[in-house]
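Here come two complexes built around chain A, the first alongside chain B, the second alongside chain C.
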Partner chain A sequence: MHQVALLSWAMAAGLAAALTTNPFYLAPLGAAALAVGSSLARDRGPLRSFALAAALAVALRTALALLGPVSRGSLAAAALEGARLAVVLLVVGAFNAASDPGALLRLAPGRWHELALAVSLALSIAPRTAEAAARVREAQRLRGLPTSGWRALPALAVPVLETGMEEAVTLAESMDARGHGSGPRTRYRPEPWGPRDALVALACAAGGAGFLAAELLGAGGIDAAGAGHVSLALLGALGLLTSPLWPWPRR
Partner chain B sequence: MLRRALAALAVAAGLLAPVAGPASAACAGDGPHAALVVSHDGRTLALCVALDAERVTGLHLIELAGEQHGLDHAFGYGGQAVCRLDGVGTASETCFEEDDPFYWAYFRLEGGRWTYSPVGAGSTFVEDGDVEGWAWGAGGASSHPRPPLRPFADVCGEEGQARTPGGESGRASGGGSSSPAGGGEPAAPREPGAIRVAPPARPSREAVAGRGEAASPPDPRGPVPAAPGARGGRARGSGPTDEGGVRPRTGIRAAAGGDGSWGTWPAGAWASLVMSSGLLLLAARRARRSA
Partner chain C sequence: MAEALSFAGVGFSYPGAEDPALRGATFSLPEGAFALVAGPTGAGKSTLLRCCNGLVPHFTGGRFEGRVRIGGRDTLEHRPRTLATTVGFVPQDPGASFVLDRVEDELAYAMENLGVPRGAMRRRVEEVLDLMRIEPLRDRSVRQLSGGERQRVAIAAALTAGPRVLVLDEPTSQLDPQGAEDVLAALARLVHELGTTVLMAEHRLERVVGTVDLAVGCKAGEPPRLGPPAEILAWLGAGPPVARLGRILGWRPVPLTVREARRAAGSLGRLPGPPPRPAAGLPAPGEPLLRAQGLHADHGRGSVLRGVDLELRRGEVVALMGRNGAGKTTLLRCLVGLHRPAAGRVAAASGRAPEPGRDAALCPQVPEHLLYRSRVVEEVAVTLRARGRDGAEAQALLEELGIGPLAPRHPREVSAGQRLLVAVAAVVATGAPVLLLDEPTRGLDPEVKGRLSELLRRFAARGGAVIVATHDVELAAALATRVVLLAGGEVIADGPPAEVLADSPVFSPEMTRVFGPGWLTPEQVARALGA
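This part shows the complex of A and B:
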């Protein structure tokens, strides 16, 4: 799937999740995020860690409510706010798992390229650092050096930082060698924008707009106070947000 | 901006479709209504509230009463608890925290008797013809003072309108004084045949309902003579109400359009559950396949 279609899904689903605290909208939205993430994932890691963070968000938000005056209503309200945050996290996780940072970077218009490069480097730094740390720990253990405790920290941190520097220099050299930043860019293998991508982008835009309209009009039971109301129209909008999952004939 | 435009539209629609026929009382008009009885210190407000959906929560009924009759209210605990009604009670977020045994108890009229609601007003549903009661006092489910009994027909029927003129629609005079309610300025005209203006809040639903009704087939109840010249859904209220001021509930339910275009909780909730479980199953299958 084209990255723009994926991006429009993530933005629409994230918007819808951020707008509502109605559990009857949040549940399908969270399930949709999980389904999109698991069926389009290139890498399963982010989805899993974001799902963990989502569960943590609900638990933490509810636990925070226990500090104040407790009533069933206040607990429920807190849990629902946690659930909203959890669904937003799931959407971000699904997008993270399914998107290709390189392809996203290439989508940025020419004049924003530097900024996009910085962002994508920043985003990819955490997993690469974790990877480097794991490698260094492995090496230290093989040498019989202690790998736990704060005494072992300098011995771990120095090689990790060194690896990071080296990788940055390597990346810069490789970009230089490929003529980065000189003139218009061309693509060896252009990313195809097919009818499916157009359909997904349109459906997601419509679904997100539906939620925005419901919020602006205060209709459809979009707040938790109106949890009794579940509008079929908004459920239809949710259905549009599952468009990345719709079956599509392979070319 | 959009909101304001729609509100204006709804108000205009209400003005353009006056309730024709002198027989119809303002309250026994179209759409679902519920009665709200608020009592404290010997003062009782009995309000007939037009619902903006087939079912609303008990809390939303109070909000609607605030919009339609100027009923003073404040909610606490994240909008879940009723802290103040008609100027009585605190407006603080944690209204139960003061060591004051007095609170607003929530009753529902069931089988002609007040029942102390076991759940909060945020989790109950009010439908057409229901009566809800709020009483200020101390005590538990059995010992708390009850609001005075007011049947639905008494509050929302034509006779009730005529018999208790002042009690309705009085704006709370504040401070919980036990002065007669008639002193407050009426929030809405109560004379028979008065022009009803659509409640300005929640304009969209009003507008949608109005449109839906206008396009709906004739009332299946049958012999409802349409007012000559009156157009649109609002004219439906011009039909004669049954004797005793009790409106036939089924007829209003059956009127297509109504509020059905937005769905109500059973169908929507089930659809939501089916949708989420289906998506979860799909997610699990995809995850297993690629693992």
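This part shows the complex of A and C:
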């Protein structure tokens, strides 16, 4: 699927999830996010960690509610707010698992190229830095140095930052040595924009717009207060947000 | 023949540095040359390479004098990005140089930047995939490649723009012997089939000296010299083990390859007696300090270790060898107590599982991951204090390990090789009786190799034990009292180096290949001959 179609799905589904606390909308939306993520995933790692974070979000938000004066209503409201956050996380996780930073980068029009490049590089440098941080932590622990608290900071941060700087310079040099920014670019693998992509983008835009309209009008039982009240129109909008999963004849 | 690359009176100082990194460089490389840049770490090899495409001075700043012309273009007038069609550059750590995720996209990246039409790009990518023999990798993620594959992809990515000159910084330093051979074979194909000019820095001379036809020698504080490899290595006082032997025995000309050494050794007849055991001076192995039994370990998806038994005794220096991915790192992590085995057990001298950092210490693969203080001696004192010992012992420990003079220096300002020694000292200061080293590769020139061997030997002689994971056959031959060969997560050989290193042609040191099993180092052969 084209990256733009995928992006429009993520934005519409994320918007819908952020707007509602009605469990009858959140549940199918969460299921749709999981399905989209697992059917289009290039790499299931992010989906798994985001799913874990989602479960934690619900549990933590509910647990926090137990700290104050507890009533059945306040507990349910907290759980639903946790669920809303969880579904947003699932959508982000699905997009993360299914999108290709390289392809996204090449989509950026020439003038935005530098910005897109920065984002794409950050996406690829982040895991390397995290890995380096884990190794530094381990190495300092073996030396017997503390690895938590602010006193541990120099021993952990200095090596990570310095090796990170060196790697960033290596990368910048390697890009320059391969002609980055020398003139107008061409594309090796243009991503074809097909009728399916157009359909998904349109469907998602309509679905997202549906939720936005319901929020603005205060209609359709979009708030938890209206739980139990479900509008057919919004269920239809939800259906549109599953469009990346619709069967499509192969050419 | 036309010249591909010329330096005329080139000198360079990094910003804020007192001494120039490069001075008076004047030489020119003919088209189609396969040239080696040799010399100790800190002698300016990387600087010289980075001058070739203008990264020095365009990227670094600093004081630059003289002229570098490549393919007829002056690097002061053209920025690195516009020289991309003339010269390809492969940095030391190819992992850090990848921009995109898929191998095929990474190859096309340079051509996209240069605005090459799509049809031409497709053809060129196919050509380069074939040339570097990486066609099966085209859809893989660059993050999932082995070391040798990664290096060949990085070379391919530099080649697609069609440069006439290729510059590489230590392309085989992180590779196992087979991976290194694949990369060197690929470079030789470029030179022979396409007439590309290749200039590469390399420490492990035994790997490359038979393939190159020219060498540039770098010595700190002196102008670099260009000449035939034999002449340049003689000037540097460097060379593979056969050259060292040739110099001790006064052979003329000094041999550079095993084949030349065999010819020269023909006149010696048979060497007297069975080869004596090397590494004399170390006490006979004492009681066990670490014992692994039936060790199984998983990492990520698959199992990495399958039933490893290993015992490490006081006074031993063990070389742990095996191709990339054989399980060396995981084994070290199990032994130090960082990785929990799926089955089997590791026991320290106390009989219990090793406590990380107390029963065994591990020097990380990237020594810079440890260093954060502003003075070397502080780096050691910090460890001592963390172990409840007196930080004032740091200087004495450095002296004992043979690197006392480094004490007042800044750890980031000493050479890459010296940084490794500092990291080892910082880890030794934990007082753990077992020292593990995970493939120390960066900046491991012969001088540092000698110092490291000396340091590890002293550690073992004081009653410790060492395991060093390495691809360096000559280091293992010169240093180890025992060699353990790992393949597919199993120990396939475990014994004295004279036996283990004689079995496989890939893991044989040069002396074994010239004189037969049991002969490991030039010094050993020379002693036997009474030289």
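For the reader, a short list of remarks on this structure follows.
By our rule, the second predicted complex is superposed on the first by the 204 of 251 C-alpha atoms of A that agree within 3 Å, B and C clash if a C-alpha of one lies under 4 Å from a C-alpha of the other, contacts with A are read in each partner's own complex, and residues count from 1 in each chain.
Here is the rule we go by: a residue touches a chain if its C-beta (ideal position, glycine included) is under 8 Å from a C-beta of that chain, and two chains touch if they have at least 3 such contacts.
On a predicted model such as this, the values are computed, not experimentally measured, just so you know.
Of the two partner chains placed by superposition, only chain C is touched by A:L171; chain B is not. In the overlay built on the shared chain, the residue A:A233 is in contact with chain B alone; chain C does not reach it. In the superposition on chain A, contact of A:W248 is made with neither chain B nor chain C. By the touch criterion defined above, A:A31 reaches chain B but does not reach chain C. Here chain A touches chain B in the complex through residues 24-25, 27-28, 30-32, 34-35, 37-39, 41, 44, 68-69, 71-74, 76-78, 216-220, 225-233, 235, 238-239, 242, 245, going by the rule given at the top. Considering their complex, residues 100-102, 105-106, 121, 124, 128, 132, 135-136, 138-146, 154-155, 158-159, 162-163, 166-167, 169-190 of chain A touch chain C.
Partner chain A is touched in their complex by these residues of chain B: 2-3, 6, 53, 55-57, 59-60, 77-81, 94, 96-97, 120, 122, 125, 202-205, 208, 261-265, 267-269, 271-273, 275-280, 282-284, 286-287, 290-291. Residues 50, 53, 55, 58-59, 79-85, 87-89, 91-93, 95-102, 104-105, 108-118, 121-122, 125, 157-158, 161, 336, 338, 356-357, 361-362, 364, 366, 368-372, 382-383, 386-387, 412, 426-427, 429-430 of chain C are the ones that touch chain A when the two sit in their complex.
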